[in-house]
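What follows is a set of structures for review.
In the two complexes below, chain A is the common chain; its partner is chain B in one and chain C in the other.
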Partner chain A sequence: MTELPRSYAERDAVARSFDLFGFLSRYGTSIALVLLVAFNLAFTRNFATMQTLNVNLTQVCTIVIVAVGMTLVIATGGIDLSVGSLMAISGALAPMIFMGKILPIGSIYLGVAAAMIVSVLVAGLLGLFNGWLVARFRIQPIVATLVLFIAGRGIAQVMTNGNLQTFRVPEFQWIGLARPLDIPAQVIIMAVIVAAAAWALKKTLFGRCILAVGGNEKASELAGIAVSKIKLAVYGISGLCAGLAGLIVIAINSSSDANLVGLGMELDAIAAVAVGGTLLSGGKATIVGSLLGALTIQLVRYTLLANGVPDAAALVVKAGIIALAVWLQQQHRG
Partner chain B sequence: MNRARLVRIIGTYGVLIALAALILFGFLRYDRFVSFYNVMTLLRYNSMFALVALGMCFVIMTGGIDLSVGSVAALGSVASALASPYGIVPGLAAGIGAGLAAGLINATLVTRANLMPFIATLATMQAASGSALLLAGNQTVSVSYESGFTAIGQGNFWTFPIPAAIAVLAYLIGSLVLNYTGTGRAVLAIGGGEDASRLMGLRTDRVKFLVYVASGGLAGLAGVILASQFGAGQPIEGVGWELFAIAAVVVGGTLLTGGSGSVVTTLAGVLLLGILFNVLNFENGMGWISLSAYWQSVIRGLFLLVVVLLQARLTRRRLNAL
Partner chain C sequence: MTRPPDGPSPLLLDMRDIQKRFAGIPALADASLCVRSGEVHALIGQNGAGKSTLIKVLTGYHRKDAGQVLFEGEPFEVHSPHQAQVNGISTIYQEINLVPLRSVTENICLGREQRRYGLLDWNAMHAEAERLLSRFAIGIDVRRPLGEFNTATQQMVAIARAIGFSARLVIMDEPTSSLDEREVGVLFSVIHQLKAEGVSVIFVSHKLDELYEVCDQVTIMRDGRTVRSAAMEEIGKLELVAAMLGRDVAAVEGHATAFGERDRSRIGDVMFSARGLGAGQAVRNVSFDLRRGEIAGFAGLLGAGRTETARLVFGVDRPSAGQMTMEGAEYHPDRPADAIAAGMGFCTEDRKGEGIVPEMTVAENLTLALLPKISRNGVLDDSRQREIVERFIRELGIKCSGPNQKVRELSGGNQQKVLLARWLAMNPKLLILDEPTRGIDVGAKGEIQRLIRRLADQGLGVLMISSELEEVIEGADRIFVLRDGVSVTELEAEAANEEKVLTAMAHGTGASSGATT
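Right after this comes the complex of A and B.
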């Protein structure tokens, strides 16, 4: 123990070692992802194949699509618990339309087009309803979206009477099964949505307004931002994303089960957003981070499963990683 | 002034009024609604939810949230089912112990690591669910019927269901703690303003720690009752319990922002949501309408919506009246 005053160089070194910690917390998710890939390349058989990539991407892409909407909602300081239920609603509605249970539609193409548009729009409208509760009545987002979380799955179950709807309609199922250029269609959809949202959040007025509202709502209001409209918009977008994800899930399964579609999705999406580095209190958000977060969680699970660890244990590990990732990010801020 | 007072009374006792109205409706409309059998079955079944909601109520009053209660209850049910051959006490201890352990993890993450309660308990939720599946080997675990363990869920205390008696006892203790102890007042103070409470010298971390541990323990106890009542530890039960509990707490008039709340009205919230389902069953029995069980969540959701909208109006008026 020396009590001598430290030189600037020494202090600098201390500062730099703290920076290393900050670096870790800022890029921790990316580093974890790289390490996971490296580990798998070394130890998991048949990892570096197109098939492995496709399996992981197809499994993760509905989470990513929902997480994009969730990121925008969280960026405004809100949360959307209803996404899983909205997936169930759009997943229940689409087959009813293209199988002609509601209205007999002559052409299958017309039916599929109507099914896709109507069910995604319905989910979007329900998202707007969430936004309306939050913006107009100033109900806390967690409670406002809890309403549709509870009622939404019930609505889907009532619509189908709880029955499984099975179908073989290639005109519809391309959204989950087609492989243009050997890339799964839903992966392309996911990439487009991620790119569009990342651009909108960074480069457009709308995106800046979202972050401003999340950073300081009162100040944004005083600065002339239409806070209510921004909130309506993000919940609406979250609903649209959930609706689309619901369609992809039922297309992959060739069936729609209102009891199961999107079950637990809200938590997967929130976990992806949190691990990705978006502040849960709002004001700072990264869409690409959410993508990386979802990929990391997925890859952890894949790594464990591929190396013989049971799925239940993978859940425990996943929980630890979520807590650790968020803790690391907090160290950086603190 | 009078009007402001009226508004406050409706805000606090609205759930009791609604509960009384619903019971009156059921009493007038259905023959056997207020029959001994129906009331006891209702109480027996809803006691698990009541316990979980009690813990949730305390957590919410500090301004936090506990999303892990459902899977912790599942974990508790598996642990107690595994210990049930050794008797009632080991069964109870195993279930509550598992719940306390999960609560300890939540408490540590929230108070030591300073994680947001939402994220910390989300992680614990997944971990508890995974642990329950691992312990149970991915299947339901039958409880022992010889050791007397099933009495906790199925037995009667004279003619009163034991699980309901446990819940009533828990609510009594909860109410006493909240209203007559320093810890109870500190819970509300922290929810009202954590920094101010700390500056006033309250040991905020200690109180928050206790609240999360208690919530875990109560969820574990609910798990014991689940296993005992249905004869099996069920690792995949408890999905959505946390949100049911939050709904009951909100319906009971506790603000999710913390700082105000009541144990008694939370119990009323649980009963209200439970009786709503019961009324639906009776209505089906009348033959006028036939609503499938799926309608229950739609109606619960609508009900929550009405309560939340009313609360939003009332709290805004109350703020204006101040």
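Right after this comes the complex of A and C.
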């Protein structure tokens, strides 16, 4: 009796009259980014250089790539905690393949190609496993993906016997180190992934289904949408993204440490998605928002470090930004 | 309004002229409820009649705007269900709110643990739990986890816990909805036991047979008012149903709906048929046929199994018994997508929960089922989507600022039109409409009723579920009455009238066709 259909309209009328929150939750991230850039231009020395841009973009790339997959998962109303561990697995597997530890491959090009494809696919398959737990057994996503969050890093350590793998293989490391047209390769990869995902979410059947499932799962099922397949797919994609990000990390480092690759990445990615304006309960998502969110967090950290604030303090500021973004979302939804 | 005649036992509860508004909308206009000591009192009414609100006013969940509540002769004012329980009024809800992994004693004594020297006094608590359960002739080992016992026993423990030693009035809100017949029998024996001890029971249920089996007195509510209060044996089932629905059994009315004249000549062959459908307790034996160009109406009380049957037909749930055929072929939907592929559509009664995607636009909601048809190689065809959406907004007169308005901003009637359009855009052969005009304003209601008739005239088979009697009687070409999960009666529209439908809803008999047990 209390929930009358018109309550939505009323709520919206209220929201419209104080639209500050709505405005902030929509454009807050962009505004923050612009303000940060302005601040740095004014106060940070040597900010307006290609080098600064490259440093920041390079550092943010892997977060953005993982955040793209995370955005799709969150858009369906789920979450993926396993991405960091999947990065570790793919990061541990790839060197084993191109260094010929599993089976000797004559050509280094063939070895690298196999390493890249197999390790990303393995991460994708493990992502599908997450999706299978969520869709088939209706396990809460946070619990289902906790399985690989915990087990994944263990698997990576067992695969490598806990050893650090170091290598110097330019044929592989181009994805972290090459600079075609003076742009880091991973920035190009990131841009392509962001563009493809943003387009898919807006313009394709798959994207529309993702948002419908997150917006109202029962209604989607009744409209004939294969809800289970959509969920499988988003977790699979999240796994692929994590696998690729794992390769980039080890390529940059010229080494792979199963203990460290992707450590804490799940939280960075979720933070980027939340700050970017994607609804954490699903149904409303923006890939470009996640990109902006990741950039904002990165730039805040850079700004603080460049102005002599220690990293530990920067973490506190990062937490504050995330809390603010989520709070704004809550306000807007009434 | 009538009050019960002065009987031998005194009034335990006297609620008079209770009023309650939510956001200016009256939920209770003039509700009264009088319960005597040791009496089992049925409280009945349709959805939205105000039963729950009245109960919640009594138990302190809501605060009344006006009126008087006397309990044991004293003014009674509590501010929480817990406070009500302390003061002798306990409520038992449909779900068992217990902790299956903990012992029976812990469950019963939860929140009122006994202490001795600052420690829990287990011996005293076990003894108390045993004493409490022995009242209901339950002799179980109270040290064992509750989850080891069957549902009936768990239900009894829930009741024992709720009642404790101090309850003078026990409210049971649809206590039998999740129980099987044997468990219902156990529950009834508890009710008799309570009655023998002078405890009163308010029994909320939609199952008429149960009411007659266990209740002494009945209060009937409609539109927030108490319309009738009588001794159970004084009121017949038909009268009861008529009072609930606000029908005068004798009265004949003019047209109350906007369906318009039906044209029988347009009705074709049988398109869909179901035989002996069953699923759990909700659907036990439902059979019906649906012809091309025909509106088949499902009538029945709440809980008669109408929505559940529709969900079986649309593949949302799976039947455990019976067969279905669609256009002559066997039909076994595993999921809604199968039903859609067979040419069906389903407008749910739960528009907000299962119908609209609130954050999406009118266009996105309207094309939700159509998506595969308006995309090429997985890419949506924006111009086709726009064309279809604009056509339906125009044809159905959906009032919105445009295709890109959020659907949650629309009125209930316009949301319903969007959902209808979602299915009409699919060009279906069979459309299931569950309460198509519930909760929408009169104007939109008429438009939707006219639309349904027009669609049927164009050859669509419509299965319409409605709790509004005139909607079924005036709208449907053929009426199936469901009662306790069984299709008890089939009536041709010309032969149907309110009395026949009400009789079938009340007694389960009437001009019966092959669809009986």
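Just so it is clear, the second predicted complex is superposed on the first by the 315 of 334 C-alpha atoms of A that agree within 3 Å, B and C clash if a C-alpha of one lies under 4 Å from a C-alpha of the other, contacts with A are read in each partner's own complex, and residues count from 1 in each chain.
Throughout what follows, contacts are C-beta pairs under 8 Å (C-beta built on N, C-alpha and C of every residue); 3 or more make two chains touch, one makes a residue touch a chain.
If you're wondering where the values come from, they're calculated on a predicted model, not measured in any experiment.
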item	value
Dominant contact partner of chain A by residue count, chain C or chain B	B
Which of chain B and chain C A:211 touches, first, second, both or neither	second
Touching partner for A:219 - first (chain B), second (chain C), both, neither	second
First (chain B), second (chain C), both or neither touched by A:203	second
Which of chain B and chain C A:305 touches, first, second, both or neither	neither
Which of chain B and chain C A:102 touches, first, second, both or neither	neither
Partner chain(s) touched by A:284 [first = chain B, second = chain C, both, neither]	second
Common interface positions of chain A, toward chain B and toward chain C	none
Interface residues, chain B side, partner chain A - complex	65, 67, 109, 113-116, 118-120, 122-127, 129-134, 138, 239, 243-244, 246-247, 250, 256-257, 292, 294-302, 304-305, 308-309, 312-313, 316
Residues on chain A engaged by chain C in the complex (per definition of touch)	1-6, 8-9, 12, 203-206, 208-209, 211-212, 215-216, 218-226, 279, 283-284
Complex contacts: residues of chain C adjacent to chain A	22-23, 25, 27, 48, 53, 314, 316, 335-337, 340-341, 346, 348, 351-360, 364, 368-369, 371-372, 375, 378-380, 382, 408-409, 411-412, 415, 422, 439
Touch list for chain A against partner chain B, complex	79, 81, 133, 137-140, 142-144, 146-155, 157-158, 161-162, 263-264, 267, 270-271, 274, 280-281, 310-316, 318-320, 322-323, 326-327, 330, 334
